[in-house]
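Look at the two complexes coming up: chain A is in both, with chain B in one and chain C in the other.
Take a look at the complex of A and B:
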């Protein structure tokens, strides 16, 4: 294939990038425009005056920080739970021989194929019956139930790529099976674990539907539903506050992405090819 | 002293039987090669000895301990894997020190051991590198180093040279021989390269389909193969094998093979009805002799020439010194070294020893 000149590539990519980035840009701009400017009949791209009053109001006058803390706890616990289970589960699926192993693996994937709406009612009833309704724990369980299958599959393909000889060598060298797992398998699977953790964290951070149905108290509400309910009412949408809150919501993900981007792309790439 | 014992060891993977029943005794300090074609169960045997695979039945002893129920870590062995299995995320130094670390050797002592091994294998300039930054030969030396650092009672090596190019392989072969001589440790070496087995071993265990065919020193394996399989498997170019029969030629034994009737210097006492006759290429003497053969193929290798011959339907291979001017299609006279003709009983394939030999 002949290599295309760089300027043609740029000509194609940049409009696409702008198209995708525009709503984000608009969000950012709206959040720092004075409210008066917002509904001007001739909207301008760049604000005439810059203000951070919306941010101050979101942080001081609303339960935003409570929701933020809830989301943090929720996403972190879900990630910890999902990673702990899926790392061990994927290892078992790859290394141990037991009847029904392949069936189990496909069944796990099958649950991932069901639309999440289908599972909401049964899950809700189950959570009520074990007394967890309306708690963060109920959301952790719900998110785990649909993040886990994908995590298992992603990690399974990663672990399948780790040569078994490495573990054998570690065991001959004096490690127990668990020791070999910790010394050799975990470091080798680290890129996969990081990308799976990111995937789970993002999923839990952004989830809306389950949060809406399973939780309806401010103590347990995460950001997604919290911000919506506090700023959107039947009569009025507080656009400036909404946009400021949205920017604040995005910040953790952007920071995490910036840190782990390399792992994320290589991780999804490898998992995709082998899976 | 006996070091390693396999007693009626069998191994099945589900329905496939990899090893039907193996008996093997390895002396202390020996260099034993497990040699055989691909899939004959060499690695399985080694892995059972290492504790990475559980035998289906039978017993394995190392020294005076039964090890079948011991974890690999408790067996006092070290193993070099065919794939080297170096830990990719550790440096060369960390790789070599890992077995010591796992056995709780103090840090200062580890450093001393590392320095010793690094000097022995000339690894000093590489210690800070990761395995991914090493050549195949260097990786192999690191894998050896990781095994040597601990001074176990038995070394297990699974085709450690098979990933190397020819010249490096010859070099490492010499180094391994030297290493074994210096350390005097028991080594069990898996290979399907007969040159490696012949040059390095004190004894060779020839295997086929999980069964031990012969367990003997290299010269005996070569000069007195126990059966037709060993005869055909050992030696390049391979021994010519053909069906024949034995007869009494006025007191001494005559073997009829193809159109040839070869009088052998043995008494014609009790003899099997049908035999397989084996003739090594170096025992076919081209140039003069009582028989005639047509040249089918000439392969000069420089030092000698390999010649495929057709003696009236009997296919023979001959080694001729130098690059003798033989032409394909030409008819040449030849003779055989009669006392070196191998005879195998056709009914069971075993070597048949004429009386008085």
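Take a look at the complex of A and C:
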């Protein structure tokens, strides 16, 4: 293709990119504006003065840190549970022959599309009856219902891409099947496992509906429902406070995004689109 | 003795392999059974019962829930609302997504930064997206009204979320903003694999940029777009968080989609059986798209 001068396309593209990014920029700007400026009749794009009082208030006067800790525990536990199960499961689906394997693979893909609202009432009944309502453990269990099919599907396509020769070579050299799995397959699958783990973490970090239904105490409430509680309980909606909370809540995602973007986009293609 | 042992291990080699395979898949099967298959079957069973959520006491009512659901206007209205929301937001997602992918495929300045900025909304929590947009749409202090008034496009502040059809259009826009990066990533990946020779040939034939897009690019994107549309149809159809948090289904049920009714029935009206009937009916409607996607995905995997 003839290389058009980059600046013409850039001149068209960048304003659109900035327009798309504007809501996030506005979130950031609102969070550092003094409260008085917020309700000005002619708001300015850039703050006249910068303040971090909203951040201080979110951290000191609200249960934000408690929610943050809950979300961290919740997303990490979900990721560990889901990855441990799905790494073994995906390996089995890719490399072993037994009756029902194809049906199982289809079932996994089917569950990956299943709406949460269908499962929500029975899961609620089940978790109440085993006495886990209002705990982080109940959320970890509920989250596996969408995270496990997702992780399995993603890992399955990653593992299918690993050549079988290396494994066979290791076994010819006397390694057992599981030995070959640990020494040969796992290292090769590592990029796929990392991206699956990151996706699982993000899914769990962002989940809202199960948290809304299964937990109604601050001790176990994650950030998603917690921050919305701050909105509802406030007499006057304090937007600068909420924007500061939104920024803080997005920090782990920004970190993941900044350092692992390559992993995210590759996992995305494997699981979402290539099928 | 050694003979028999040898024979036995020789015979059972495949069998032992299959056994190991089953052992590895066992945790998956157990967990999926407990958190998906069992709840799914319970949901179907619940839909034939009348259950009062706070006491969880119920009794069988046969098809009564379904009869009531199909007879009431609520289900059909919500189905229509869900269809309008899905078609509207998906159309925006596809148009913006394809256009953005084409632009980001070009050799622009700071391309990777531009890509990151465009992709980020997809990874953001819906809660954060909703808070930001509700602040943007705020009728008194929101920047959207300020901007449009300053530009002279509107004379008085517009009520973006509390009136129809504004509320529906607003959630469609927010949905498009949140989910179009999915289309960008998929299309961008595909664009990078279209052979340059196809464009060369088209150029030799005298095709301009527009006819190159329709004759070369679009046919190459057909397959990926079909899969993206099927997936996003399923996901937009079942979207709960975004709509519930933006409008709560209002004003006056104007944006109340099927997932919202399910939640409302189960935890607002405490009718868990009825909620299950709504959920199962909704799933049956979605099944067409789910099966179409499954078929495509299996074909692609084979």
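Here is the rule we go by: the second predicted complex is superposed on the first by the 255 of 275 C-alpha atoms of A that agree within 3 Å, B and C clash if a C-alpha of one lies under 4 Å from a C-alpha of the other, contacts with A are read in each partner's own complex, and residues count from 1 in each chain.
Going forward, a contact is a pair of C-beta atoms (placed from the backbone, for glycine too) under 8 Å apart; a residue touches a chain by one contact, two chains touch by 3 or more.
Predicted model only: the values in this text are computed from it and were never measured.
Looking at the superposed arrangement, the partner reaching more residues of chain A, out of chain B and chain C, is C.
Of the two partner chains, neither chain B nor chain C is touched by A:44.
In the superposed model, A:216 lies in contact with neither chain B nor chain C.
Of the two partner chains placed around the shared chain by superposition, chain C is the only one that A:91 touches, whereas chain B remains out of contact.
The contact sets of chain A with chain B and with chain C never meet. If you check the complex, the residues on chain A that touch chain C are 1-4, 6-7, 9-10, 12-14, 16-18, 20-21, 23-24, 26-27, 30, 38-39, 42-43, 84-86, 88-89, 91-93, 95-98, 101, 104, 106-111, 113-126, 128, 141-142, 144-145, 148-149, 152, 157, 160, 177-178, 202, 205-206, 208-209, 213, 223-224, 227-228, 231, 239, 242-243, 246, 249-250, 253, 256-257, 261, 264-265, 268-269, 272-275.
By the touch criterion stated above, chain B contacts chain A in their complex at residues 47, 50-52, 71-73, 77-79, 81-83, 85, 87-89, 98-99, 102-103, 146, 150.
Listing the residues of chain A that touch chain B in their complex gives 163, 165-166, 168-176, 179, 183-184, 187-188. Chain C meets chain A in the complex at residues 14, 17-18, 20-22, 24-25, 27-29, 31-32, 35-36, 38-40, 42-43, 46, 56, 100, 103-104, 106-110, 114, 116-121, 123-129, 131-133, 135-136, 138, 141, 143, 146, 177, 182, 185-186, 189, 196, 199, 203, 224, 227-228, 231, 234, 237-238, 240-241, 245, 259, 262-263, 266-267, 272, 275-276, 279-280, 282-283, 286, 290, 293-294, 296-298, 300-301.
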